[in-house]
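So, here's a batch of structures to check.
Presented sequentially are two complexes of chain A, the first with chain B as partner and the second with chain C.
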Partner chain A sequence: MAYKPQYGPGSTVVAENRRKYMDPSHKLEKVRDISDEDIVLLMGHRAPGAAYPTAHPPLSEQQEPDCPVRKLVAPTDGAKHGDRVRYIQFTDSMFFAPAQPYLRSYLESYRYRGVDPGTLSGRQIVECRERDLEKYAKELVSTELFDPARTGIRGATVHGHSLRLAEDGMMFDMLQRCVLDKKGNMVKYVKNQIGEPLDKEVKVGKPMDDKWLKAHTTIYHSLGGIAFRDDAEYIEWVQRIHSLRTKYGFMPEE
Partner chain B sequence: MTDAIYPQVRVVSERLMNPETVERVMNLIIATGGVRRVILNGPRLPATVPYGPAKGLPNPTEMRRKIKIAGQDVQLEVHVGNIVLELENRDFIPAIREACEKGITKFSWYLQEGRFMKTEPSLVDYAKYGPDADKTIVGLTEPGKSGLVILQGNK
Partner chain C sequence: MAKAKIERTQKLFLKALKGKFKEDPQSTSVVYAREGLKQSPRKREFLESGKKMEMARGISMYDPVRCHLGGIPLGQRQLMTYEVSTTGVFVEGDDLHFVNNAAMQQMWDDIRRTIIVNMDLAHQTLQKRLGKEVTPETINEYLHVLNHAMPGAAVVQEHMVETHPGLVDDCYVKVFTGDDEMVDDLEPQFVINVEKLFPAKQAAQLKAAVGKSMWQAIHIPTIVSRTCDGGTTSRWSAMQLGMSFIGAYRMCAGEAAVADLAFAAKHAGVIQMADILPARRARGPNEPGGIKFGHFADMVQADRKYPHDPARASLEVVGAGTMLFDQIWLGSYMSGGVGFTQYATAAYTDNILDEYTYYGMDYIKQKYKVDWQNPNEKDKVKPTQDVVNDITTEVALNGMEQYEQFPTLMEDHFGGSQRAGVLAAACGLSCSIATGNSNAGLNGWYLCMLLHKEGWSRLGFFGYDLQDQCGSANSLAIRPDEGAVGELRGPNYPNYAMNVGHQGEYAAIVGGAHYGRGDAWSLNPLIKITFADPSLKFDFAEPRREFAKGAIREFMPAGERSLIIPAR
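Coming up: the complex of A and B.
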C-alpha cells in the first residue's frame, strides 16, 4: 500500500488546520492581493525592478561535475540562475495567528523546494534563492497563512509574539513596521522587514476578525480558544511519542 | 528605599495602552492625591533601531511620544502595559480603582496589591549607582535613559 502522510494527530479545528496547511494537496485559500513589487519592498533585499544579483554564474554557463544526484534533481528557478540566498522572517502572535513557527517550517518543507526553514520560539525564518523566495513569500503573505494584524514580517527585532496586543488589536512591534489605518481599516507597512523606512506604503489588507482567526488558527490557547488539553487525541500521541523516545534505549516493545 | 509601610498596587490591562489612554488614566490616578511613586512598565520602544542591518537608524513610532501628566511632560519610552504605584496608604486604593474605571474603558484590567518595586539595591544597582545611591529611585529608572520625572506641586 502506498504511503499516505497523515501530517498530524488531533480532533479539533486547530489540529485540522495544521493538517490542512501542511498538506500540499490542499490549496491555500487566497485572502488578499499583493503585488510582486510590494513583496520585494517588504523584504528589502533588492530594489523593485533591479536585476537579481548572483552568487555564481547560471548553471547552464558553468561546468557541472558528473554527479548522479545533479542529474536526478532538477534545479529550482533561482538555483538555475545562480541567485543569492535571501530570507523572509515571520513573527506570529500567540493570540490566534493563523500560523506558528513549527508549522511554518513543516508546511514550507512539504510545499516548497530548495528552502531552508529555521524555527525559533517566536519567529520563523525561511531562506532560499531570491527568485524562489519571492514566489514563496507571495504565497505566504497573500493566503490564509497570514493575518495583517497578528502576523508580522520582521527581519530583526522580532519581539512581540507572546505580548499583549495593542489597543487596536495589532501585535506589539517596537519598530512599528506596520500601522493600522483606522479610516480604511487597512494595515500598511511603512518600513521594510529590517526597519528601514519605505518610499511608499505597502498595503497588506484588512485585519481579519476574531471569528475568522479562531477558525483558521493553528495555535492552542486556553484563554478564548481551544485548549491543548481538550484535544485528547493529540495528547495521546504526544504522550506516546514522549514515552517511546524516553524508553528508546531500552528497546521498547508495544 | 521603599518603606514597608507604604502599600503598592499594580494595574494590569488586557491590552498594551496607547499614550492617550496612559495620559488619561495617569492624570486621574495622580488626581487622587495618594500616589508616592509610579513606574510605567512595558516593552521598550527604542529611539533608534537596536539590532540588524538597520541598526542606528531613527525609529519613529506613534507610541513613543511625550505625554502630559499633572501638567508635566513625560517622555514615554515603553508601550505601557502595567502601571505600578506606591501609595501613601491603603485608603487610596478605592479611589485608584475608580480612576482606572474612568480611564481605561475600552478593555478589561485588574488591580493587584503586593510588592512590585525593589526593596533592596541589587548588585547591579551597586555597579550602576555606587554605594551612595539615592535609595528612593533604585528600581524606578535606568541610568542612561531619560531618567525619572518628579511631578511638582502635588503635595
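Coming up: the complex of A and C.
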C-alpha cells in the first residue's frame, strides 16, 4: 500500500488549514504581489542584482566522489551553483497569524527541498541555499501564509508574538522594521529583517481583516477563535501518541 | 466553546496583572509608549552607577543607550515589575538576577557549605578501640570544641593562624538524633530538635527513620565555600572534626585511630548534598548539578511549615529550584550570561503557576475525591495512564485558556519556554499530588508539552525539541540507561542536562508526590532535618519570601568582608 500522508488530525478549520498548508498538492492562495528585488531587500543578504556569493565551486566544476547518495539525490539549483546557506525568519502573532512556528517547519519540509527549518516559540527560521531561499521566501510572503500586520520578518530581536497588538493592529516590533501607512492602509518595511534601514520602502500589502485571519489561522485560541478544547479529535490523538510513547518506553514484548 | 470542567472564579494572578499594567488585564491592544530605560527606577540607578564606576575605573562599562541594538535601548514596551508569588512584594526583574539578590546567593551558599556526618562510627572508634567513655557530657564538650574549631580556630596546635570570628559567624555545627532521651541531655544550642521543629506526624516518621543514631549537620563558613568550591566542604569539615575529637577526647594527634575518625568524616559517614559530576562537567561534590531532585525537595522545608498545603509546599520548591538550577546552575555554571533569569522567574512570580496548580487541586478534589488539604496516602489515585492523561489534559487546557483570555497574562509570560514550564509544572504537580507518584507527575509534564505544542503550534526554545518531545518515553521507564524514579534523577540526568525551565519544576513534582501523601521526607530524612535548622541564614521554609526580601534589599547574608577591607 502506498504511503499517503495524513498531515494531522482534527475536525476544525484550524486543523483543516494545517493540513492544507502542509499538503503540497494544495496550491497556496496568492494574496499579494511582491517583486524578487523586494524579497532580496527584506532579507538583506545581498544587494539586488549582485552575484550570489558561493561557498564552493559549482558541482559541475568540482570533483564529486563516486557516491551512491549523490546519484540518488538531485541537487537543488542553489546547491548546483555552490550558493552559501542563508535564512529567512518569521515571527507569527498568536493573535491569529496564518502560519505558526511548527506548522511553518512542517509545511516547509513537505513543500521545499534542501531546507533546514528551526522552530522556537517566538520565531521560526528556515535556512537553505540562497537562490532556493529567495524562491521559497517569495511564496512564504506573497501567499495566504502571511499577513502584513500579524506576521513579521525578523532576523533578530523578534520579541512580539505573544504581546498585545499595537493600537493600529500591528504586532509589536521593538525595532519597528515595518510601519502601517494609515492613509493607504499599507504595511511598509523600512528596515530589513535584522533591522538595517532600507534605502527604499518595501510594501508588503494591506493587513488582512479579522474574518480572513480567523478563516486562515493555524492556531487554536479561545479568545475569539477556536478553542483547542473544542477539537476533541485532536486532543484524543495527542493523548494516544503520548500513551503509546510512554508504553513503549518500557519496550513491552507484546 | 466547551467549558473548563470546573468553575474557579478566583484568579490568583489578577492582582499582579492589575499592579503591573495600567490597562484592563483582558485588553487585546495597547499603545506602546516606547519610554525606554528611564521608565524603570532600577535602570535609572544602573545608569547613574555605571557612570560613577566608569569614572572611577577609567574603563567604559554600562552604556545601554549606545550599545543596545545600536541605539535602541530596552524599554520599547513597558518594563514590567513582578510580584514574587504569595508575598505581595513587587520587584524589578533585575532584582531577581542572583547577582543583584543576596538571598539567592545565600540559598546556594547554605546548600554548598553543608555536609552531614555520622557520629556513631566515631563513637564506636572511641569506645571500642580506645576504651574512651562517650556520654552526653562528653558529646556536649566535643560540640563546644567543634563550634570553636569549625569556623577556623586552632584546637590542639601551638602558634597557629586562625580566622576572624566576625568573618565566619555563619559557621556552626548542630546534631540530631531520633533518641529523645539523648536530645534532653544535650545542650539545646547544639541540637536540631525534630520534635519541636516538625508537625507531630512528620516528627514521628523522622525520629523513627533516624533511630538512635546521631548525625552532625555542619555548615562551614560561606566565605570558604565561595573562595574554594563545594568539594571543599567535606574536607574543611573533616579536618576540623578530627582535630576536635583529638582535643575533646584527649587523643594522641598521631595515633592510628585518628585515621578511622578521618575516614568516617571524609567517606564512610558522609552525606554530601550533591554527587560528584562526570569529568566533562568538571564539578566536585556539593555543586548544583549533582543534587538529586529528591534531596532538593527535602532541602526545601515548606511542607514542614505548610503541611496541609502540598501545592504551596511544591511551589516553594519550584521557586527555589528554578533559581538554583536555572539561574545559577544552567544560567551561570553551564552557560553564562543573564537570559536564564527570565525563564526561571516566570515560575515564581505573579501567582500564575500558583493559580494553575490550585486549579489542578480543585480538579483532583472534585473528580477524584483527593482531599489534598489533608495529605495522606490513603486517598491517592492509582497512577494509571488514563488518570494522568485526564488530569493533565484538563489542567493544561485551563492554563492555555487563561493565557488566551487574559492577554496581559500572555504578555507577562512573553516567551514560550516560560509558558511551557509553567503549564507543564501545574500538570505535573497535579498528577503527582493526586497519585503520590513522582513519575506519574513527570509523565503528566510530558503530555502537557505535547498538548501545548499542538494547540499553539509552538513550544519553547530549541531545547524543548529534545527533552519534552521524547520525554513521554522515559518518564515511566526505570532502567538506568533510560530513566530512574524522579527522586533519583537530577540536573545531570541525560536528557535534562542542558535545558532551562525544567529542573526546579521536576524537583517540585518529586516533592509533591510525597507532600501529597503526608510523607515527612522525599528521599533522605537526614537532609530534611538538617535544613529545618532555624539558625541557617536562609529560611528554607520560605524561599520565595526570602528572594523577595533579597530583591528589596532587606536580606542580610553571610560572607561579611567589611572587617578586612578599607572603610567606604
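To be clear about the criterion, the second predicted complex is superposed on the first by the 250 of 254 C-alpha atoms of A that agree within 3 Å, B and C clash if a C-alpha of one lies under 4 Å from a C-alpha of the other, contacts with A are read in each partner's own complex, and residues count from 1 in each chain.
Keep in mind that, in the parts below, contacts are C-beta pairs under 8 Å (C-beta built on N, C-alpha and C of every residue); 3 or more make two chains touch, one makes a residue touch a chain.
Computed from a predicted model, the values in this text were never measured in an experiment.
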{"item": "Fit-or-clash call for chain B and chain C when the two complexes are aligned on chain A", "value": "clash"}
{"item": "Contacts of A:155 with chain B and chain C, given as first, second, both or neither", "value": "first"}
{"item": "First (chain B), second (chain C), both or neither touched by A:179", "value": "first"}
{"item": "Touching partner for A:194 - first (chain B), second (chain C), both, neither", "value": "first"}
{"item": "Touched partner set for A:68, first chain B, second chain C, both or neither", "value": "neither"}
{"item": "Partner chain(s) touched by A:241 [first = chain B, second = chain C, both, neither]", "value": "second"}
{"item": "Chain B versus chain C as contact partner of A:165, first or second or both or neither", "value": "both"}
{"item": "Chain A residues touched by each partner, larger count belonging to chain B or chain C", "value": "C"}
{"item": "Common interface positions of chain A, toward chain B and toward chain C", "value": "157, 159, 163-167, 172, 174-175, 195"}
{"item": "Residue ranges of chain A touching chain C (in the complex, touch as defined)", "value": "18, 94-95, 100-103, 118-122, 157, 159, 161-167, 169, 172, 174-175, 195, 218-223, 227-230, 234-235, 238-239, 241-243, 245-250"}
{"item": "Chain A-facing residues of chain B, complex", "value": "13-18, 21, 43-46, 49-54, 57, 59-63, 79, 81, 106-107"}
{"item": "Residue ranges of chain C in contact with chain A within the complex", "value": "1-2, 4, 27-32, 69-70, 72, 76-77, 385, 389, 393, 397, 400-401, 404-405, 407-408, 410-411, 413-417, 419-420, 443, 446-447, 450-451, 453-462, 465, 470, 472-477, 482-483"}
{"item": "Residue ranges of chain A touching chain B (in the complex, touch as defined)", "value": "155-157, 159-160, 163-167, 172, 174-176, 179, 194-197"}
